[in-house]
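Note that chain A is present in both complexes that follow, paired respectively with chain B and with chain C.
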Partner chain A sequence: MKGAVFLIERELSKAKRYKFFIAMRFTWFAVQVAVFGVVMSRMVTISRFYDFYLVGVYSSILFTLSVFISYEILEEAEDGLFEYFLSLPMGRWEFVMGRSVGCAISSLTYTIPMLLLVLLLLGNLNPFSVALALLSSLLFAIGISGIVITFVSLVKSSDVSDIIFGAVDAILVRLSTAMYPLSAMPSYYKLPSIANPITHLAEFLRYILSPDIFSYTCFEPPGSAIAFLLGFSVSAFMIGILVFERKVEGGGWR
Partner chain B sequence: MSQILKVAMRDLNRMWKYRWWLAGLVAMNLSDLFIMATIFNGVINRAVIPNYIKFVAPGITAIAIFASSFSIGREVMIEIRRDVHHYLLSLPMRRYELLIGRCLGGTIRGLVYAIPFIILLLAIEGFPNAEIFTIAVISIVLLAFSMSSLGIALSSISKQMDVQATMRSLLYFILFFFSTVFYPSRAIGQFTVIRLISFYNPVSVVADLLRASFGEGMMPTTDQLASLPVFSALMSAIGMLLYMKAMTK
Partner chain C sequence: MAFVEIINITKYYGKNPAVNGLSLSIEEGEIFGLLGPNGAGKTTTILMLATVIKPTAGTAKIGGYDIVKEPDKVRNLLGIAFQEPKSTWVEKPIEVVEWHGRICGLRGQELKDRVKDVMERLEIWDQRNKFFYQLSGGNRKRVEVAKVFVQRPKFAIFDEPTSQVDVLGKHAIWDMIKELRDSGSTVMLATNDTNEADIISDRVGIIYEGKLVSSGAPSELKDRIPGGDILEIQLDVPPDERIVNQLSSIEGVSRVLSENDVLRMYLNRGEELVPAVLDSISRFGAKIRYMKMKEPSLDDVFLYFTRERG
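Our next item is the complex of A and B:
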């Protein structure tokens, strides 16, 4: 467990390195909230679209940041740092846990100002909502980090990973209820959207932060969203350990 | 002239080196059209936009041209960091040939990338008005040239990757959201800053021209049309000056 804690601390100490990236993401978020969201809310027939969109855009930013930060494992591998990690006195599961949780906490920490802005704009700043929002976001980010680590262990190529993550980021965000409710989607987009973790985070956040918006998203009961996030997070972590151990042992990274 | 073409063709060939990045860009552009626009089409107020897919398709084509032409900047940045420009300066050609060749290379990249999107646009929208479409094609070339020059200019300002990435992203946000790609100009009439930037935004001008060629929306004003070559000339001059300064430092 000490190894996992070490990796979490190391991950958190890297905040400085991401300052420009975080500033860019925050600007992206601010422009989406202040320009795109405002203008689109005047053009769509969905009532309270702006509030709906606020929660969705936060979920998509958290997703993008979690992928970006977890993805650094690949750069470390290419720089030869990975062999150093493997030589440390810690179990493989500790490595996966340390990286998943560390990356998730980092991503969550960087998005806290955005979450607070969303809460402020929704007029819901009570401690219970904030705690639940943070918990569900952390579960989501752990799951995403686990998936990224699993994928990177399987592919071991920055070229292939670049395209896959670029495409997945673009498609998953658009194929979720981040920007529009499930009821607005054509039937062929509904199924992939329901299986999309971004949808579950966005829906659960809507339920705890602004239940009036949640009610017309056809996503009930809300417990299913948090159950999905919990299952997603635990299974991504378990798959991460299994794949990582299998792919790394006996041949190192390459 | 042949030297300019050689430099431009070198850049075009190197475009495929970034095929992964290009594939990501294609995925983003297509998902904007086939997922986002399709879903918004069901919830958009018909009085504002009768068909959102048809409205957004020209905007996405304009964005695609901007992003692919702009990508030359990434390459110039890497070359400057790795001192490859010493090699480029030692080549038997005049400086202006190298400079124009780079800007032209970026432009051709943008146009090559845009061709499938223009075909897709024709499939979605039908046959355009030949006269307006010709103006639109000229404006596409100008947009590609100005964005290629702008990409080179930004890459020549600083060697720090973080600073460059930040500037690039800021520009991307402005050209993307402060434009008429996703919403018509009448929907942003109340927001003075957005309206003003969007009015002279070259991406907006190209998107509106393409729309007008398919009989949708209003034809851009003379002011807007005139701003495009002016912007293009200005950007290419700034881009070439800054690039030369960075190479000879």
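Our next item is the complex of A and C:
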């Protein structure tokens, strides 16, 4: 377990180097909610679409950042660090846990200014709601990070990973309830959207941060959304351990 | 008693064997030099021992633990300084070395003292707060080996620890590797620098095309060359095949190598054969520019065993 803790600590120590990146993403987010969100909510007739949009855009940016941060394992592999980590005195499960949780906490940390802005705009600063929002976001980010790290370590190719994650990012955000409710989707988009973790994060956040909008967009009780997120992060972690134990080796990066 | 036992280990990348049925053992508390040309399989062997890659066949035991069946236990025993320094460009040497010490179980003042002592001896203490990208290649290498010296593992692996390091730095690293051995660690040193292997190894194994071709103490390996004396002769013209054949036929000459205008002859009782050698050369009308006799170096041993199979 100590190995995982040290990996998490190492991941977090990198955060200070990303202050410009965080400022840039926050600026993008602020412009998005101040301009795009406002204009869109005037065009969409659903009541309180702006609140709906705020939570959705936060969910999608947390997804994108989780992928981006976890993706750094590619850069580390090119610097040769991957072999170093695999040689350290810790189990592969500690490596998967340390990297997944470390990347997830980093991603969450980078999005905290955005979450705060969302909370302010929604007018909900209830500590219990905030704590639940952070917890669900962390579960989601752990799952995404675990999948990205495992996939990238297995594929060992920045070209292949770039193509796949570029496509996955575009598809997952759009085939979710981040930007529009499930009821507005054609039936053939509904099934993939229901299986999409971004949907469940967005739904759960709406329930705890703004129950009014949840009441007319929901398709599942909040308990099942959080159960999905928990199952998703645990599954990603277990798959990561299995793959790392059996398949992942150092060397061979392209 | 063998601390490391490599048993018929093989690693294929696709259809190509990088290591092919390698077996050797390393005694507890010795420095074992793994010597081989580029691409011989040294780094692949090391990565298998470090449990970073998995053998295609065979296995190894380190401190009694099997690298395939008990990799977690093996990793608790070893520390490795990689051929290419392992760090991101925006890390600082002090962060890299301290973090390594902590993940290997060191804490508090002991960690601080060891880090300072090692970094001072390697002359990188003054560079400790620079970013990695600001360091020279030699200093990056020093940071890489510093991690293992701070850790003091039971089994230390160094992969070309002094490449890019200046002469003073090389001697400091060699001294520290010997001290590590003296403090009880078993050391594997992979290198293609025969001088380095000769100076600090208790035993040397020569690996070529993924196979062990010879092993023993450096002095034993030198004695193992048929024709332990080496006579080097530079002629005024490149020696043709007839001269080489004539010299090879002299009784007591075990091998003649020709490179440009230099002949390298491996002889038994070299001093007794010099007259016959001179006579043979003069018969072909060639003139001698210089001639020298020397004891074989590990370079010669290396060349002998690798060219024999090349």
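The working rule: the second predicted complex is superposed on the first by the 247 of 254 C-alpha atoms of A that agree within 3 Å, B and C clash if a C-alpha of one lies under 4 Å from a C-alpha of the other, contacts with A are read in each partner's own complex, and residues count from 1 in each chain.
The rule is short, and it goes like this: contacts are C-beta pairs under 8 Å (C-beta built on N, C-alpha and C of every residue); 3 or more make two chains touch, one makes a residue touch a chain.
The model shown is predicted, which means the values in this text are computed figures rather than measured ones.
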Ask   = Who does A:123 touch here: chain B (first), chain C (second), both, or neither?
value = neither
Key: Partner chain(s) touched by A:91 [first = chain B, second = chain C, both, neither]   = second
Request  = Determine, under the contact definition given at the top, whether A:184 touches first (chain B), second (chain C), both, or neither.
outcome  = first
Inquiry  = Just to be sure I read the superposition right, which of the two partners does A:160 touch: chain B = first, chain C = second, or both, or neither?
reply    = first
Key: If touched residues of chain A are counted for chain B and for chain C, the larger one   = B
Request  = May I ask you to decide whether A:174 touches chain B, chain C, both, or neither, giving the answer as first, second, both or neither?
outcome  = first
Remark   = Residue positions on chain C within touch of chain A in the complex are 13, 47, 50-54, 72, 75-76, 78, 80, 82, 84-90, 95, 99, 102-105
Chain B residues touching chain A - in the complex, by the definition given at the top = 20-21, 23-25, 27-28, 31-32, 35-36, 38-40, 42-45, 48-49, 162-163, 165-166, 169-170, 173, 177-178, 182-183, 187-188, 191, 194
Ask   = Can you list the chain A residues touching chain C in their complex?
value = 2-3, 6, 10, 13-14, 17, 75-76, 79-81, 83-84, 86-91, 249-252
Complex contacts: residues of chain A adjacent to chain B = 19-21, 23-24, 27-28, 31-32, 35-36, 38-40, 42-46, 159-160, 162-163, 165-167, 170-171, 174-175, 179-180, 184-186, 189
